[in-house]
Structures are given as C-alpha cells and as structure tokens.
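Letters A, B, C and D mark the chains in the order given here, with residues in each chain numbered from 1 onward.
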Amino acid sequence: MNCVAKDTLLATDLCGIKMKTPILTGSGTFGFGEEFADFVDLSSIGGVVVKGTTLKPRRGNDGVRITETPAGMLNCIGLENPGVEVFLKETLPRIRQYDMNVIVNISGSSVEDYGLLAEKLDATDIAAIEVNISCPNVKEGGIVFGTDPKAAAAVTRAVKSHTGKPVIVKLSPNVTDIVCMAKAVEDAGADAISLINTLLGMQIDIRTWTPVLGNITGGLSGPCVKPVAVRMVWQVAQAVHVPIIGMGGIMSAEDAVEFFLAGASAVAIGTANFTDPSCITKISDELAAYLAAHRLENIHDLIGKIKIPQKEA
Amino acid sequence: MNCVAKDTLLATDLCGIKMKTPILTGSGTFGFGEEFADFVDLSSIGGVVVKGTTLKPRRGNDGVRITETPAGMLNCIGLENPGVEVFLKETLPRIRQYDMNVIVNISGSSVEDYGLLAEKLDATDIAAIEVNISCPNVKEGGIVFGTDPKAAAAVTRAVKSHTGKPVIVKLSPNVTDIVCMAKAVEDAGADAISLINTLLGMQIDIRTWTPVLGNITGGLSGPCVKPVAVRMVWQVAQAVHVPIIGMGGIMSAEDAVEFFLAGASAVAIGTANFTDPSCITKISDELAAYLAAHRLENIHDLIGKIKIPQKEA
Amino acid sequence: MTETATVMAQQEVAPGVYRMELSSPAIAKVAQPGQFVQVRIFNGNHILRRPLGIAECDSARGCFTMFYRIVGSGTRDLSLLVHGEILNVLGPLGHGFATAFHHPLLIGGGMGLSPLLSYAQAKRGACDILMGGKNAEELFWQSFYAPYVQKTFLTTDDGSLGSQGFTTTIFPQVLKQDTYDGVLVCGPEIMMRGIAKMAAQAGIPCQVSLEKRMACGLGACLSCSIDTTDGKRKKVCKDGPVFWAEEVFA
Amino acid sequence: MTETATVMAQQEVAPGVYRMELSSPAIAKVAQPGQFVQVRIFNGNHILRRPLGIAECDSARGCFTMFYRIVGSGTRDLSLLVHGEILNVLGPLGHGFATAFHHPLLIGGGMGLSPLLSYAQAKRGACDILMGGKNAEELFWQSFYAPYVQKTFLTTDDGSLGSQGFTTTIFPQVLKQDTYDGVLVCGPEIMMRGIAKMAAQAGIPCQVSLEKRMACGLGACLSCSIDTTDGKRKKVCKDGPVFWAEEVFA
C-alpha cells in the first residue's frame, strides 16, 4: 500500500483536532513523546497524550510502581510530573520540534485546580486537554470526581469555562454505571470522552506476605482489561453524541478494530508501548491494511458499525 | 506429606459448614459436581457450589455462550437450569452419594423469588445457600440487586428469614463501591460473602462485525480478573466481620494464597476447572505443601495475614 | 481422563489444514468412532481447551490422529507444534456414532470428514463415503479414506473434482446405487439438515455430529446446550456430539 | 533500537543462574559497559520486558551475553529457551560506567557481577575485582573474570571461599594493597551504600549501578524513578542505571 492510500484511509478529525491517524498514545505510557522518537515518527501518528500534569510538581508514589499480571500489568506511578509550569516552560517548547498533536492530560485535587490548569494550557498551541478524573493511584488524582456524576460534571464545566480547546474527559471504569458518568460529562460540555482508565487491582507477594506495589493497590491495564473496555465503549457509544477515544489492552490492529466497531472514533495505545516501542506504527499500518482489505475508504466506515443480530421472536 | 497432616492443615469451619479444605468450586463451572467425579474425589474438597438455580426452569441464552479472551474467558450461559423443583426431586438425591458439602447458588427476579427459593431449600440437607445477586447475563439474574445496597440488603433479609442455613451472598464486582455493598449485606444478616462474580465484558468478531456472544455482553472470568478480585477481597475484609469466600482467576495454590492473605477464609475455583478438570485436587495439595513449608499449622494462620508496610514519615 | 500426549507427527495436508498424530495410549485404547478430545495447548495463551475429533486410532501403537483447520489462535498455535512437543488431552469425550450399521453411507463436508474417518476405520470395509468440499484441494481426504471404504463419491462446489454441487445434490443418486442401513453425517449444519431430511424421506436412519463452542467438555458448564425436538435441552459435549437426526432437527 | 536476537548458547553456570549468549549484531556493536537491554520473551505470557545487564560483548561475532538468576516467571521462561530460538531485545539502554579510570576496583555481589564483567572485558587488564557471594558456588564468576582482570579478591558469607564476610568487610584491606582511581560497584543496595561511604572516606570516586522495576526502559513511564541527593527525581533506566554514588546515596 502506498502512503497516499494510507493517509486517506486513516486521516480523521476528532472534535476539531486534525489527525493523520485515529491512533493516539495513552497518557502515562508514552512520556512526552520524545522518549519514543527513535522508534516512532511522532509527526505521523494521531497525537501524543502526555503524562498526567498537575498544578504543582509531584514526586509520585514510593516503592515498587509496576508489576506484571496475567495478560496485563498494575501500576501505581502516582502522577509523578514536573508540574504545569515546568511543562509549559521547558517541556512544551522542547517537544514542539516533533510536529505532533500534543494533548495534555490534567489532574487536580479540586474543581478549581482543573480550572486553573485549563486556563494555563489554553494560551498554548496544544491540540486539546484530556481531563483525568480517574487516576486510581493518588487521592488527588481525581478519582473522587470520576465516580460521582455531579462532581464529574462540575470538573468538566470548570475546564470548559477556562479554555476554548477541545476538552476530552477520561472516565474511570471503576463505576457501577459508566453510561451515567458519560452522559453527565457530555451534558457538562465535554467535547469527547476517553474510555477507559485503569481498573483498580492488587497483587500480593506470597513470599513476603506484603503487597507488591508500594501504594498497595494500582491500576490494571493491558489485554486483560480489553473485554471490559470494549463493553464500556459500546455502552457509552449508544448513549452519547460526542466522539469516544477507546483504549484498554490494544496490542494489535485487530484489537483496535473491535473498539472502532464498538463506536470509538479514535483509540489510544498504552501498555503495548512497553511490549514493543514501535507498535503504534505497526498498528497504524495494519489498520490501514484492514480497511483496504475490506474495501473501506476511511476509518469512519468502521466507527460504530457493529451489527447487532435481531433476536428471533 | 501424609494425609493426616494435610487434613489438619486445611480443615476449616466456614460459618458452621465443616469443610475438609477451604477450597470450593465456583458456581456454574462445576455443574452439580457429579460431572467431575472422574477427576476429583468430591468428598475430599471443601464443597461444591452448584449451578445457579431459579424457581422456574430456564433455557439460558441463545447463540454462542463462551469465548476466550486474553488470560480469561467471557460467558453468557444465562442461568440455564432445570429449576428448583427438579433440582430437589432429581438432582439432589442423585448427588447425595458423593458425600460432599453442597451449596446451592440461587437467583431470582424479585425479592420474593429469593425468599421462596430459600424456603424450598431449607428443608434439605444442603450445607448452605449462596445468593447470587450478581449474574450479569440475565435481567432476572439479580444484577439489579447486586448494584444497589438497599436492594441487596432486602434480598439478603428475605433469604435469611426463610432459612436457618448459612447464607452466603455473592457480590458483583461491577460496582463503584464494593465495601458499601458488602456492609449492606452483612448488616442484613449475611453469614458470609462471596467475591467476585464476573466483570461485564464484550468481544466483537472483526470478520463478521457482530458480537461474538449471543447475548452481546458476558461475564469475564479467569486469571485476567485476579488483581481486581484480590483488591476487592482485601478492601472488604477490612470492613466486614463475616468470612469471605474469595474467587476470580485462581489457577494455582499461589493464586489462592494471595486471596487468603488478602483476607479470604475460603476460596472458590471456577474457570480453572475448564483448563484442568482435576486442578482443585492439585491446588489443595499444593496449598497444604505451602502451609507446611511455612510451618503454619492451619489455613487460619494465613487468613488476612497480609503485612501492610507502614509509610515512612 | 486427561493424558499428556506427545506429538508424533504433524503435517499440513492441504492449505491451512493439518493432521497431527499424538501418542496417547490410554485414550487411543478406549476411543469410540465419533468421540472427541479437548486439547490443552501449553503455551500460556489459552485458558480454554479446544475440542477436536478423533480421526484415526491405532490402539496397538497407542496413537491417534486429529485433522484440523486453522481458524483462530488456538488452531494456529497447535499447528506450530513439532515432533516431541507435548499437549494435554482430555477424553475421549461424548457419544460417538452408533456402531450397529452393516453398510452405512458416511457423508462429510469440510472438517466434518475428520470424525467420520474414525468410523470408516473402525468398520473397515463396511462403509461408503460421500464427501463434499469447495474444490479438489479440500478433498485431500480421499487418500485417507481409501484403505477403509468401499465406494467413494465426490462433489465439489466448483466442479473441480467429482460432480459439481453439494453433497445434498448427489445424495439421491447415491442412494439409488446401493442399499444403506444408515447415514452418518458431519459437516456444516445446513448440509446436515438437508441430508437428514432426505434420509428421513428415504426411511434410512440418520445420525449427525454437531459442533458448539465448549468450555468443560464434561456436561458441567452448559456452554454447548442445544434444543432437542422433544423440547428438552441437551449438551453437545456429553449427550452428543452425535445425535439421531430426529432428536435435533425438526 | 529493537533487534530480534537468536539464542546462540544457554547454560546453567550455577544452581539457578544462567548464561545466555545472543546473536544481536546491532546491539553488540554499540553497547557500552554497564548498559542493559530489555528482553521480550515470545511465549505469550509476558506483557512487560525484563531488564538484564549486558555481561560480555563480542562485536566481531555480533554477540553478547547476559547472566541471570531465576527469580520469577520471566527468568524461568528465559531459562527454557534453547539454541536457535529467538527473543526481542531493546537496547542498549541507559548510561554505563565512566570509562576514564585507569586502574579501578570493581566490586560486585550476586548478579551485580554481570554488568561489571562487561567493564572488565572492555578495559581488559586494567581492573581488579572484589567479588562477594553467599558461598563458593555463587563465585563461579572467577573463571569469567580471569581473562580480563589483574587481581581477584573473594569473600563469602560462609567463608567457603576467600575470606569470610562481606565485600564491605575486606574492602579496607583491599584498598591498602593497591592504588585505585575509581570504585565501581554493583550488588545489593546495602552493600553499595557501605562501599560508597568507605570510598568517599578514602577519597576515591565511586559509581554504583542501581536496579528498579522497569516497564518502558526509555524514561517515559516513570516506573523506575528515584530521588537524588540534590532533591531531584531521576530515572534509573535513562539517567542510570549507573550513577555517581554521591548523586544517589546521602
């Protein structure tokens, strides 16, 4: 397949963000993009969602921060980041050279924090803001906002009122009713919804009888969570009108296709970057090949195209 | 290790049920026990939790009922069962020969259903009743009761008021706050709590663009869910006083030890029975070996013994 | 029972179709034609076993063979195994074909020809075989059946071998050529339904071998439940996979 | 860079400790002593790569070796690989040891002797080695170091080889025997801290090689963050694994 074909097949527009492919990186798994510059042509992917950023610098959690689980991993990084000021002054100017869509993932411990972060980021050339109300690893990671529709709506409104950039709200899967959460943030003005953040999990070292992770619990990601993520994307796609960015365990183009069929307008690759640092390029190529093989002209011909058989009477 | 040692190491009493080992089978994965009689000495295990039973016979869901996922599987059996009358008249007399603890898992579509089922089962010699308020695969599977603490408490009270047998309530992991659910059923009189039922998931066939499962969504089980299950057991163990039966992805004695350390008083083996039909025996033997190697005298010396490191000041 | 079986040979007999021989004495000894095994692949990728029919049985050497087509990750991983590697096999499972027939006609399409082969082998010289496939390539089965059957009838969708059409197309003609006391069918459901109907009209007893996704293979999990014509529920793994046609097709 | 590497040899050099030689020309060409690789095992059981030090490098043959101890499922699966099987290797990663020393003393305990070996090899004839282990069995390393180092000092916890005690026990004596312009340490943290303190007192520059669990190995995921003495955060994978002792030990 030549490049022209690939470009037309995968090019998309996500709530105003022009993207060469509908494939982003998952926040926290791809640094600021630059760390992967040797492995991925950063200007050729949909965009880079950078590590969760907070108002003040954060040193993150102590002790062991990651561990492998069956078909997945747990992490409790704890939102280590240099803070938004350093991001604006040092990181953003540095990564500008890569000519990529930069989406900044933000976390706060109060509604005001989120508003302030949005305001500071509004004055930049970033492509969008992803509002993380779902980090399970720190009290200040917004998880309280991620499990209560009213609080989630309040955060969304605070961000929206401080920026003209597209606002993506990233939801937590650790809830009884994901549809209710999604509707709440849509009603509050979210331009898109990211699904899913990590499931809260735990591993115990049976030699030492202690939790493996320094923070005791951590966030589960990787292929093990894919069935839950696909289900949530499908449920939410039927209930909201804004586009969905699907993620959770995507390791291959086949996995990505499941998310598109379920109703995701774009996908993000997280844990898979650790397995293979150039996987995002491979997944894009294979996705283009899948579309071509199915004689589709653009990724839009796949989005939400799941066929639900009618039950026999 | 000789048999005497093994017996002493593993013997336990779970809310009045005398068990040779603290290892049960997960409802729906082991039939009525008899199907596994060629592979497992049924009288030597902790007990068999039989397939979910309802008032009326149920034919279950149409179409594909299971599919494999990374380190797990989805099922949407849909509570196919012959109904409680056939169970009492035909099944129970037939399986009596195996001299095993029989725990009957019940599901209803109303609080009254649960009460009626409990009443019918009370007059038998079964060891206990497990109240399934968490089947994600049928509307009548009780999931509405499993996500609302008040409804869960109502079901628990209805069952308790119709039977003198130990009542185990099996909770759904598809909730925001598992501790709140657990406390609600404990307060309503539950004698024990089973954790976890399956996580709601979905898989899409990218060749046909249709859901793989006949019921569209299904319940995720197997090693992939273990970190979530261990986390929930640990959270609930700190909040309730009744014993917990831990399950979700146990494939080995090592996995079981994680659940005991987290606070489970017994465990159940589900999906692993499909991988290896005699695994429950192997897991018991290896668990006894683990206890012996750690110079523990009984499984009680392991239960809830996780050591949480104190954070440095 | 479960048995750790060693791969004795593996060979691609047609594009994407493999024949695997396993050393598995306990199972080879007791297997009945039409039974199947649940194989467990040890590469860490599979929680569930995969059901595969027993195709040929050599109880003297303690071996049996399976034929399978690569359709997904399990069969692909199976195809990567080489001589000397091991599998775990649970079986033999289910109820096979009735063995009381004297001169039955076997009818198979695609991979359905695999369990029928075990019947042809067990009733050496007693059966005729009618086989259907998309094209000549899919009818590689001829050479495997040749030692065991009397007559062979071939059909292909594209006419590249035998008569053009489906097994249902030439079934009536085949029936005219000989007297059969039974018809045993395994293949796509639509073909089995078609044959069953015609066999009933001809007054010949007919058995069919069904497929449903399976988890336990032991009748415990109800993954493989089907409706029977008398309104009951049966389990393909335990009550089948072979049923009398009238039990399952209305 | 990532490279698909072929296992050229694998051998158990002590109980539970393996030496694996990989054909990996691109990595072998550029690797610096003290750098590591992230290996990906292709058996379907591992989402995360495993970080392992580069122990010996043969750029002419395009090979390098790693030594590892089986401590969990990843290292166990690694030990099952045989000649001809493949791995994927990401690397070489991180910053290795400073190479400007003329006569450094290498001090290693346990598997820490693996990255130090690459230094001894690169500076052939320049280094002395002080190695510590639980017992004589753990000091199988001697023969691997012999071709590259001048003096070898041995300690074992149980006194079964060399002097009894820890590397910290005899370090002061060793320092008296020769003049070293640097000390390079890799082993348990407690040992590195002890040596670093004594080296500082003796006024000898000291480098240490740290270990933290890693996911990306590229400085992106922050799995491996540590505090430095100047109050900053550094990443073991990218800023290390080798640090000046005073950067990381207060």
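We take it that contacts are C-beta pairs under 8 Å (C-beta built on N, C-alpha and C of every residue); 3 or more make two chains touch, one makes a residue touch a chain.
Being a predicted model, the structure only gives us computed values, none of them experimental.
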Dominant interface by contact count, named by its two chains: A-B
Most widely separated chain from chain A, with each centre as the mean of CA atoms: C
Chain B-chain D separation of Cα centroids, rounded to whole Å: 47
Chain A and chain D, separation of their C-alpha mean positions in angstrom: 36
Gap in Å, rounded to a whole number, between the CA centres of chain B and chain A: 34
Set of chain A residues in contact with two or more other chains: 71-72, 222-223
Category of the chain touch graph - line, ring, star, complete, other: ring
Touch relationships between chains, expressed as pairs: A-B, A-D, B-C, C-D
Complex contacts: residues of chain A adjacent to chain B: 62-63, 69-72, 74, 147, 174-177, 199-204, 206, 208-211, 216-217, 220, 222-228, 230-231, 234, 249, 254, 257-258, 261-262, 290, 305-309, 311-312
In the complex with chain D, residue positions of chain A that touch it: 28-32, 35-36, 38-39, 51, 59-60, 64-68, 71-73, 75, 77, 80, 222-223, 271, 273-278
Contact footprint of chain D on chain C as seen in their complex: 43-45
In the complex, chain C residues that touch chain B: 1-2, 40, 46-49, 73-74, 88, 90, 213-216, 218-225, 227, 233, 238
